[in-house]
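Shared chain: subunit A. Partners: subunit B in the first complex, subunit C in the second.
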Partner chain A sequence: MDPGAALVGLFGTLAVLVVATWLAAVLDGLGRALAVHQPVGLAALAAAPLARLGRLVRRADVIPANADGGLLWSAPVMAVAVVLLLAGVVPLGPGLVIADLNIGLFYVIVLLAPFVVALMNAGWGANAKYGVLGAFRAAGHLLAYEVPFGFAAIGAPMAAESLSLVKIVEGQDRLWYGVWQPVGFAIYLVSAAIITYRPPFDLPAADDLGGGVLADVSGPRYLLLRGSMLALWVLVSALGAVLFLGGWLGPLLPGPVWLVLKTAALMLAMSWVGYRLPRLRVDQMLGLSWKVLLPGTFLHIAITGVVILLQTGG
Partner chain B sequence: MHARQAPTREMATEDLVTWFGPEHPAVSGLRLQLTLDGEQVSAAEIELGYRHRGLEKLAERGWEQAAAIASQVDPRAPHAGAAAYARAVEALAKAELSGRAARLRVAILELERAASHLAWLANLARLLEARPAARLAGHLYRRASTALALLAGAPGAQRWIVPGGVAADAPADLLRALSGVLDALRGALDGLRMDRLAERRLNGLALVDGGRALEMGAAGPVLRATGVPHDLRTSSEVYRALGFEPVLGSGGDARARYSLHVAEVGQALTLAQRALTDLPRGAVAEKVPAIGVAGLARGHAEGPRGELSATVLTDGGERPLRVAFRGPSLAHAGLLSELLVGSMLADVPLAVASLDLSMEEAER
Partner chain C sequence: MVEWLAFVLLAVIAVGGSLGMLLTMSMYRAAIFLMASFVALAGLFILLQADLLAAIQVMMNVGGMLVMLLFMVALMMDPGGEMMWDMKRKMGLPGFSALSMSMPRSPPPAEAARPEDRPRTGGSNTDWTCPMHPEVSAPGPGSCPKCSMDLAPRAALQPEAAPAADTDTDTYACPMHPEVQSSAPGQCPKCGMNLVPREAAQEPSATTYTCPMHPDVQSPTPGKCPKCGMDLVLQAELQAPAPAATTYTCPMHPEVQSSTPGKCPKCSMDLVPQEDPQAVAGPTAYTCPMHPEVRSSTPGKCPKCSMDLVPDESAAPMAGHAGMQHGGEGGMHHGGDGAMPRMSPAAHYKMMVDMAMSTALLPWAIAIGVVSALLLSWVLLRATWPLSPTGPNADDVSVVGELLLSRYMIGFEGAAYLILAGVIGAVLLGKREHRR
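Presenting the complex of A and B:
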């Protein structure tokens, strides 16, 4: 690829991500308003993230006296990098993907881990008690979602016989995997909510820690970190649509529109359900991950395997 | 203390000492020093002194001053403080209340209880992130406060309950309007019930043992949630005539307190409505002079957070010799150093808020 095309690709991806982040913030607000039965206008919902953006851009970037400034700054940089690297593999339509990797899904799962490190750096770099506690919560978080997330997602490549996200979408032209893999789909959505620190799983940045890892993050750093958390939510939801809802497949409308609609529907559902639930305590969240989600994924893999065997007549 | 498996080679760890408060959504004016072992609280010490206003000394300046201060003892329950003080002065002067005044006082105290409990429910639900319940409770709280203000005037300068009766009568059309508001409030209470997740989160949280609570001097919902039937209203004739029976909880944990508060809001609204229907006619106040009678007298009122009392000592002069107030919040705060040990840090705000502390009242 020549450097010019690469630059155009990079800035194009960035622009799409910024719009996607804004949409994510709107869907977040809409889900919240629906969950608490609060009447609110769409215009107000659409404007709120922009107003917030304006405030955060103008706000001073305060680095506390005892904090490690480098570590604090590494957090948003890492988070944005993860989001950019992930955005490249999500197929928007037939041929509309920056990189159709043959290890696509594996690449996604590997890249999700550094996002936690970004949040841990924010908490640890603040060199403050609540930030450090938040960083430890984020570390406890990591394994608790990574394992069920991977096992839930594996049903799709099992059926498509490929890790490539494009091949996975193409494998769903007759029936979406989410329809006959409901357990895996449900567990995928829960662990996706955990990965992206959606409520009720936002404990590393919880109020009871005064904001936790985000307590000492201000101004533009806050904007970048919060923004990349929202962008990650979009990407993981889009991935859910790709793995379980047939990605861009759909009648009449062009492929990318279908993917956006499916992603938005998943996000709205996650937001609405999430805001209806009280935040989980760290022990409750770990219990849910290891005692419910993980055994559930084993069941999901077993059923998927049997179904595939029966279909292929083996 | 906690059964924990000892690893073969203990890694050296250090306890983290951190602060909670004095300003926090869970409580205002209380500072806790928490020693944390991981996320678990291994010691909690309470630190006081953030809300002391020297009210008892100020009340010695004169009778007018004392009456005004009584309603500021617990700023979230001004009428209960005023009622306790009024009863003390009435006991000094051996004055009797008219039937109408007694019923109006019941109505205002119950409405105040409903409003205070609703504010507590809204706060606890918010800390619990039970957003629909928090929003509903907040909305109901504002409606109840408005009803309270209709009856007794603007909040902040509550001088409605005065020695000898109440300061102003309630006109008939206001009473009819209030009755409608109370019905609407009671009808909406169903939405405050806990869902399963909230229930599980509150289950066993900040568990108070009934015996220990009595020993520490706890009162109000904190005590009744343990099943101890202690309520000052039981011994009041007006309340008995309205069919009052104390609501009791079982378990003594935050979950029991939550359900008890919801039940008490319903009960308070019913009592207020009964108190306002078929009000006996007559004067609402008679002059009860505090000057000229000597002695020591005490008055009580069952406030939203428990028993509030005012003690007045006078030689019959221009000003009281000594005025003392007492409420349950200091005892409840004292319970915290025991309750928090062993709980998770994420539960600390909930545990503290579940006791409904008024540090203003605790420190006077």
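Presenting the complex of A and C:
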């Protein structure tokens, strides 16, 4: 690999991610304003994340007295690394992808686990009560989404006969998978909301623990962790658009614009619905996951399999 | 060139991670080190063009280690970072640096001896009885000959017979909502947590709260100072007298006692000042962290769970405990904690477990863990692994799909489900046991 190209790719991805994170913060605020029927101007919404960024950059980085420094520092580093590694496989358009891995989807699912580790490190490393409880919640959180997420996403590679995200998009040129796999699509969106700690599934970082895993994180580290949580939300939503809404496919407009529009629509929907629902406890979330989402994914896989068999005349 | 750099870096991380896992004293750190090592190995696999193996390596090991962390909470009685904090406090460790194997370099500052030293069980009534059959009487802990329930001190079962009992003795409160009070144990109507006994009510006279800055401000209840808005603290805590003759002892061998600092003759650890000579000399000095009814005058093992007995902190004044949990000692400081009812270590642990949504039920969890481990090894041995150098072609999508859906799925997903079934089973059984 050429080192120069690698550096350009790295900084290009970073720049795109920063813009995407800002967009995510704006969409988050817009969804909240819509959910609570609060009239807010778009300019104010767009400026709010920037003002918050300015405050966080200037704020002192307070490290709790008994903190486990190494773990505390590993958290933002790991979170940003996971987001960077994930961003490399999302196809923005035909040929517009850093790495078209032949295990693309599997790679994405794999990389979601270290993100939880990053958040747990932030909570545990602070070595204070609320952070540690938040870390336990984050681990319990993982049990709620891991299996439904994988099973919901598996419908797309079943139909495309490939794990490569590019091939999955190309397989949807006639009909989006989300149209004839609505169950899988819905379950994917719910588990995506759980993964990215969107409300109403934001218990590990919730206010009842003073911020949970982020309770004792401040300043630039808080900025990096919150930012990577938002960036992960963008990436998982973009992946939803790739898997179920045909990715970059669309008439008239260029491919990347279509992907951004679809991703933004998914994010706005998730944000709007999420802020209208009451927050779920860990046990309620596990109940939802194991009693509703998991059987739902089995149904989804069965229906998808039958449809594919009928189509191919097997 | 980039490949070589990456190779060296990943190899260093892999080896360093495994070394770190062996050397660190914290279970959590060990798990994180192990994960780092596995992820570095996955990176090496990628350099060898074995993407699929690398991905499986990361998914299974990182996901698996996260479940292991949950097990750690359920099985190891690890109360979290607080435990490390407490260890640090007791042993005077200089800090949990990355490869910390270090023992104390210097004795920690002597703790102020606490006044009002009175055992919680109180009185001369050391009779043990069955909660169901009051006619059963025994001189010590054991099980009831009629119903095999664990015996408990009679004084603890009959609070109205205990001296100086007041009407608030049986008040239960929610750890999160102090305003929720009930005369019987149960669940909080606001958050569904188990109510815990309000021990603050059991020490009627000794609790006067005062402001650290304005000693003239006195209040019978915790709250804010009207002059400066600081949290009020226990007056007894502020007026703790300096210790008398300090005795030094070994953190590992309590029988080693010395009047001067130095090394333990048995393990060469630095001697530390003994925290409270009176409490150790008292009749019920040691107890099990999990079974508060187990009491012994000598250190040793718990007859129920074989854990090491620890000096009974509940026999020592609770003011010290409250100060430890919510005082200003650094990382534990959070505004608003002042309103929480003060709890015994056992009740506090129970609350932590409650909030972490895990089970404290050892035997069930161990049994299920053993069964899942056996089933897991069987599943893993049954699957035939493509480990030969002429393995499957990872570039062929259909081969990858076939592998994923057949062998790997059987092995790895089977393993994951067994572990998950173990966790869920332990939690469910734990809940049932809890209600019974």
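Here are some notes:
Methods note: the second predicted complex is superposed on the first by the 314 of 314 C-alpha atoms of A that agree within 3 Å, B and C clash if a C-alpha of one lies under 4 Å from a C-alpha of the other, contacts with A are read in each partner's own complex, and residues count from 1 in each chain.
The working rule: contacts are C-beta pairs under 8 Å (C-beta built on N, C-alpha and C of every residue); 3 or more make two chains touch, one makes a residue touch a chain.
Note that the structure is predicted; figures quoted are calculated from it, not measured.
Partners subunit B and subunit C clash in the overlay (superposition on subunit A).
Of the two partner chains placed by superposition, subunit B and subunit C are both touched by A:D283.
Legend: residue contacts after superposition of the two complexes on their common chain; A:V257 is shown touching neither subunit B nor subunit C. Contacts of A:K129 after superposition on the shared chain: both subunit B and subunit C are touched. Of the two partner chains placed around the shared chain by superposition, neither subunit B nor subunit C is touched by A:I303. A simple residue count on subunit A separates subunit B from subunit C, and the partner touching more is C.
Once the two complexes are laid over each other on the shared chain, residue contacts for A:A139 go to subunit C alone; subunit B is not touched.
Within the superposed three-chain model, A:P199 lies in touch with subunit B and out of touch with subunit C [touch as defined at top]. With chain A used to align the two structures, subunit B clashes with subunit C at 171-179, while the other stretches in 63-71, 135-143, 171-179 or 225-233 stay clear.
Residue overlap on subunit A between the subunit B contacts of one complex and the subunit C contacts of the other covers 129-130, 132-133, 136-137, 208, 282-283.
For subunit A in complex with subunit B, the residues that touch the partner chain are 32, 35-38, 129-130, 132-133, 136-137, 199-200, 203, 206-209, 275-279, 281-284. Those residues of subunit C lying in contact with subunit A across their complex are 1-3, 26, 28-29, 32, 35, 39, 51-52, 55-56, 58-59, 62-63, 65-67, 69-70, 73, 80-82, 84-85, 88, 96-98, 176, 329-334, 352, 355-358, 394-395, 397-398, 400-401, 404, 416, 420, 423-424. Subunit B meets subunit A in the complex at residues 16, 18, 25, 36, 38-39, 127-132, 134-135, 197-198, 200-201, 344-349.
By the touch rule above, subunit A contacts subunit C in their complex via residues 1, 3, 6, 64-68, 70-71, 74, 101-103, 106-107, 109-111, 113-114, 116-117, 120-121, 124-133, 135-137, 139-140, 142-143, 146-147, 157, 161-164, 167, 208, 210, 215-216, 282-283, 290.
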